[in-house]
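Next come two complexes, and both contain chain A; in the first it sits with chain B, in the second with chain C.
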Partner chain A sequence: MPSQPPIPPLLSPYLSIAPFASLTLLTSTLGASTNWLVLRFIYSALKDTIYEKDGSTKEHTEDTMVVLVSWLRDGNFWKEGGRKLGTNFQKIQIVDALSTGFGLGAGGLAEAETEILKAIATAREATKENGEARVLLVLDGLDFLLAATGCVTLEIMDLVGAVRDHVHSTILTSSADLPLTQSPTTPLEISHTAFVMGMAHQARIIMSVRGLDTGVARDVSGVLRMCRGAGAGDEADEGEGEVEEREYLYLVGADGGVRVFERGA
Partner chain B sequence: MADRALQHRRVHNLLLIQKLLGLRGDSSPFTLVLDAVEQSAKPLIRHYIHNAQISKMDVVYVSFETPKAPSGITTFVNARRRAAAEMQGEIASMVSTNKRTLLIVDNLYPFACNTTLDLPSFLSSVVTPTTSLLAIYHADTPLPPPLPPNSYAPPPLTSLEFLATTIFTTHSLEQFLSCKRAADKSLTQPVFGLEEKREGVIIGLGSNDPKGLVLEMDHRRKSGRNIEETFFLPPPSSKEKIILLEDHPLYRRSDLEDAKSAANEIATELSTFDLGITAKQRRDREGVVLPYFDAQKDGWGGGEGEDPL
Partner chain C sequence: MSFRKRNIGLTGPSSLSTSTAQLSPTPTPGVRPSPLDGRPTTSAGTPPLDDLLAGHAGLALGNSLLIEENGTTDFAGVLLRYYAAEGVVQGHRVLVVGVGRGGGRELPGLVGTGERMRMRRKELTITAPLTPNRGPISRVKAQTEQTTPAAFIHNFDLTKRLTVSPGSIAYIPVSHSPISNPFSTIIPSLTQSLNCTPTNHNPPPHNPYSPSLQPSTHPTLAPPPISSPSCTPLRSLLRSHPARLSAMLTLPLSLHPRSTGLVRWIEHICDGVLELTPFPHRVEVEPPSGKAGKGESENPQGMVKVHKLPVLTEKGGGGGGGGMIWHFR
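What follows is the complex of A and B.
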């Protein structure tokens, strides 16, 4: 068991299940990955209690299923990470896009979309007897397709839009390194920037992970910034889970435990 | 004088923005909203939908990125993966000729990317005398470089800005205020989001401020004269009204005044004396008869200390 609690207390308000049809955007850099964050999102979605903003907890009333599609890590990686936290893998449908490489072959994006929709349908099927389940879709490293297939940004954004229609809420991870987002010049840089910014315009929360500005430190892995995305005011969901903008530091331990703390703490 | 000019601006420009937001008459057939992730145009759109509902207009919402229909609209058109020509036909069929319609396009990016589409003529074709077009363009989303036949054509944003009768630009209130505070002190203004030029940062803190947004307006009159103004737009759920940004209490308050009043407070707190006097003390002081008081009266003109008799 890791020495830290599975969900860092400071993060718990952000990890609770997002409202219907919302998108959460997680961005990473080469030196700071979002894998630990994704694992905690999944763990928190499948846990029986929801953390409220004021620190109180309440019981899940609906069943939740997770469909995890990853282009950058294989199934074993996620299983191992999840097991350390104690995640219930019966409720996770892992689509290992790294090993199968779908979306990269002749089928292209259409193939990727069929696979994702199939996985969503399977997840629904699995819980049919318990009534309708909420499906949380996690798309990890979708931007890899952009780089690997050279497809148009719009096609990928349409893909995200299409699969979002079938699930309760979506979490999307993408890289946001300096050349991929700041003053892009090459076609790939431009399309990547357009993709990340396009998603940021739809997202309710944007959680960005980056390395420490002052360089590598032993006791800090990186900086986590949480911002209201442009999709925050989409509906009259004000009051229910207003996102608080924050910047925290975090440390991922050797055992996979994560500590999140304020600057100077 | 400055006060009167401000008062004049306040009256005129507030009337104008209320007319624009209320979609009264044919005030603005094509309104272009330029937004960024720091401040989305969604709250402004909600204001528009709300006002259109009040004036019983049809609202047609063409969605590229909004997954579920916002409340208060008449028709929701899912435009994802649809050809522009098809959209044109569908929009034309939705827009009735005898009822005024507000047509909202939530993202012009797909149209702007479409190299085969002539954006100006497409937009002109969907705007009829009874429709007002309200379109959002994300200013921070880069477009792919133009391909050979269009290499020298102006970028879509330029033609959009040329076509638009009103251009709104949105800013986050919190970020706008912190820039102003820095400018007041002649400091370097803070930058947010992509401007920060930091690895991994795509959005700045203080984005999409729930307290309201700063709205920059550039309205072109029929005569060609343009009117520029900056407003504060409160969130749609609040009862507040749109005001000039200069009238916003947080904008007006400058740090200089703050410092002055703070210094005064400190001065009074630190001194052991009470330098002020009460009304009773003042009255008493006035009642005191000073020696040689008579000498100050007219007519006597006596010398100092001299006995008048």
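What follows is the complex of A and C.
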């Protein structure tokens, strides 16, 4: 596979900065992770030029900071992946919740909320002299708190609501495997389903990643599906913010490069 | 026209990964850099299992491998024993969770050097034997000094027993109290034994292995706090010791089916997930772990499905979905 552009052309309309106060939901399954997608969202938010739908580019006018909170992956993992893309880590505030374990201990969700708000404040502080920066918040694996602490779904949704108030837009990743979301019976499955459904209703766009339905292939890593979420609102129907519902295949190469293509292409 | 130094590879970013920087310069026995990106790997105990792990030719340190098994056979246990035996032979500290002290006596013995070479050649013709070699026992020298120190993996024979020096395996007991979370005692003792080893530049990797990691109660009855966070501290422990620790876990699927959310979370938390599905064996054939005769060795004993692979799946690569299917013998 020849080296790929950091942002696959088919994806660029979806990766451009989301409208103010929007939520983007990324769902993954066991064999198909959203990490590559998260890295590309961050890269795209921090780079200087925006790719328009028609292929033209324009300069970013506002400063952007990213706050990345990850419960399932450590900071080194993100740094390694981001460095390969050429992401500017000066502008990323990584909160390594896997190593620190916040949200899991006695402090509970309140502790998690405090930590996230602190990170957002730090990110704002860092760019104060250049005027107000937009903050993109990435919550990776928040659903894990639900599984690990047994807290109530509503509390987690409250947490999401509270931190969303402080940022420009939010990206949330969650697993959505069939055992977790189809015919929920155990408390864990019920609360997970409620969480994912609740978030899907708030989201502007849902990007789901899953393995290939027909089995494993050498040249396809998985299927990427973009859906309009219930939070897209009416204004999405006209013009700019419109979300086009598509399904593509993708391939993550050994070097970390990603190719996104149509079925049969 | 341009010239390029011959010994400079053409590969770009993959050879520059950060994990290379963390590699200590002097090699630890039983640890070698991955041919793909140079991160340190240790053997999973059996060469075919190493080959399965997405081209890294070993289990990348700081990662865990979950082996699930259907039915009542104990192939997963056999794999665990190989993993532990390899750790013992390499001089690693092996931490065992969930198996009594007798477990150490059941580790497969080492096959001598001369025979090992023979076996290796033989393996090339047989595809992926996951069970040990059952070669001519008459010529076996039990434990030879001549084993090259650089050996990454040794051959073991299930019919023999490895002599384990008392200090090399640490057993971590599991409390069976139905109320308390059994992992609340396991993780601190894991951390403790990690911390109390001399922290020189080159600490040997630890291989905790945990036969039958089982949620304490039935998943539908257990409130989530008891069940799924169990392996989280393990994950963060692995990540905070990326050059010292690897883990292998097993889970009986007949007791904890993959269709439950709980098991799915355990799978999410582990880095690699393999599912073994042994074929139902005929009555007249000896149970596989009891060592069938040579004639049976050609019959596949089951399927291996790969659901998730360490490193590769985290990056986003495939290997999921239906999973790859292999035969094991």
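The criterion applied here is as follows: the second predicted complex is superposed on the first by the 258 of 265 C-alpha atoms of A that agree within 3 Å, B and C clash if a C-alpha of one lies under 4 Å from a C-alpha of the other, contacts with A are read in each partner's own complex, and residues count from 1 in each chain.
Definition applied: a contact is a pair of C-beta atoms (placed from the backbone, for glycine too) under 8 Å apart; a residue touches a chain by one contact, two chains touch by 3 or more.
Keep in mind it's a predicted model, so treat the numbers as computed, not measured.
Asks: Based on the superposition on chain A, does the combination of chain B and chain C result in a clash or a fit?
Replies: Taken together on chain A, chain C would fit alongside chain B, as the superposition shows.
Asks: Have a look at where A:Glu245 lands relative to chain B and chain C in the superposition and call it first, second, both or neither.
Replies: Once the two structures are laid over each other on A, A:Glu245 reaches chain B alone.
Asks: Check the residue A:Ala32 against both partner chains and state whether it touches chain B (first), chain C (second), both, or neither.
Replies: both
Asks: Can you report the vertex angle at chain A, computed from the C-alpha centres of the three chains with chain B and chain C as the arms, to the nearest 10 degrees?
Replies: The vertex angle at chain A equals 120 degrees.
Asks: Thinking of the overlay built on chain A, is A:Ile206 touched by chain B (first), by chain C (second), by both, or by neither?
Replies: first
Asks: Touching A:Pro184 in the superposition: chain B (first), chain C (second), both, neither?
Replies: Both: A:Pro184 reaches chain B and chain C.
Asks: A:Asp63 contacts which: chain B (first), chain C (second), both, neither?
Replies: After superposition on chain A, A:Asp63 lies in contact with neither partner.
Asks: Let me test your reading of the model: by the given contact rule, A:Gly215 touches which partner, first (chain B), second (chain C), both or neither?
Replies: second
Asks: For A:Cys227, select first, second, both or neither according to whether it touches chain B, chain C, the two together, or no partner.
Replies: first
Asks: Which partner chains sit in contact with A:Glu115 here, chain B, chain C, both or neither? Use first/second/both/neither.
Replies: A:Glu115 contacts neither chain B nor chain C.
Asks: Touching A:Asp74, do we find chain B (first), chain C (second), both, or neither?
Replies: second
Asks: Can you work out, in whole Å, how close the C-alpha atoms of chain B and chain C get once everything is superposed?
Replies: 9
Asks: Starting from the residues of chain A touching chain B, keep only those that also touch chain C in the other complex, and list them.
Replies: In chain A, residues 29, 32, 177-178, 184, 187, 191, 210-211, 213 are touched by chain B and also by chain C.
Asks: Looking at the complex, which residues from chain C come into contact with chain A?
Replies: It is residues 11-14, 17-19, 36, 55, 219-220, 223-225, 227-229, 232-233, 235-236, 239-240, 242, 258-265, 267-269, 273, 307-308, 313-324 of chain C that touch chain A.
Asks: Would you pull the chain A residues touching chain B in the complex into a rising list?
Replies: 20-21, 27-29, 32, 152-154, 157-158, 161-162, 164-165, 176-178, 181-182, 184, 187, 190-191, 193-194, 196-198, 200-202, 206, 208-211, 213, 225, 227-236, 238, 242, 245, 247
Asks: List the residues on chain B that touch chain A in their complex, please.
Replies: Where chain B meets chain A, its residues are 35-37, 39-40, 42-43, 46, 64-68, 70-71, 80-81, 107, 109-110, 113, 138, 140-145, 194, 197-208, 210, 235, 237.
Asks: Inside the complex, what are the residues of chain A that reach chain C?
Replies: Going through chain A, the ones touching chain C are 3, 29-37, 72-74, 76-77, 79-81, 83-84, 98-99, 101, 104, 144, 146-150, 175, 177-180, 184-189, 191-192, 210-217, 220-222, 250-256, 258.
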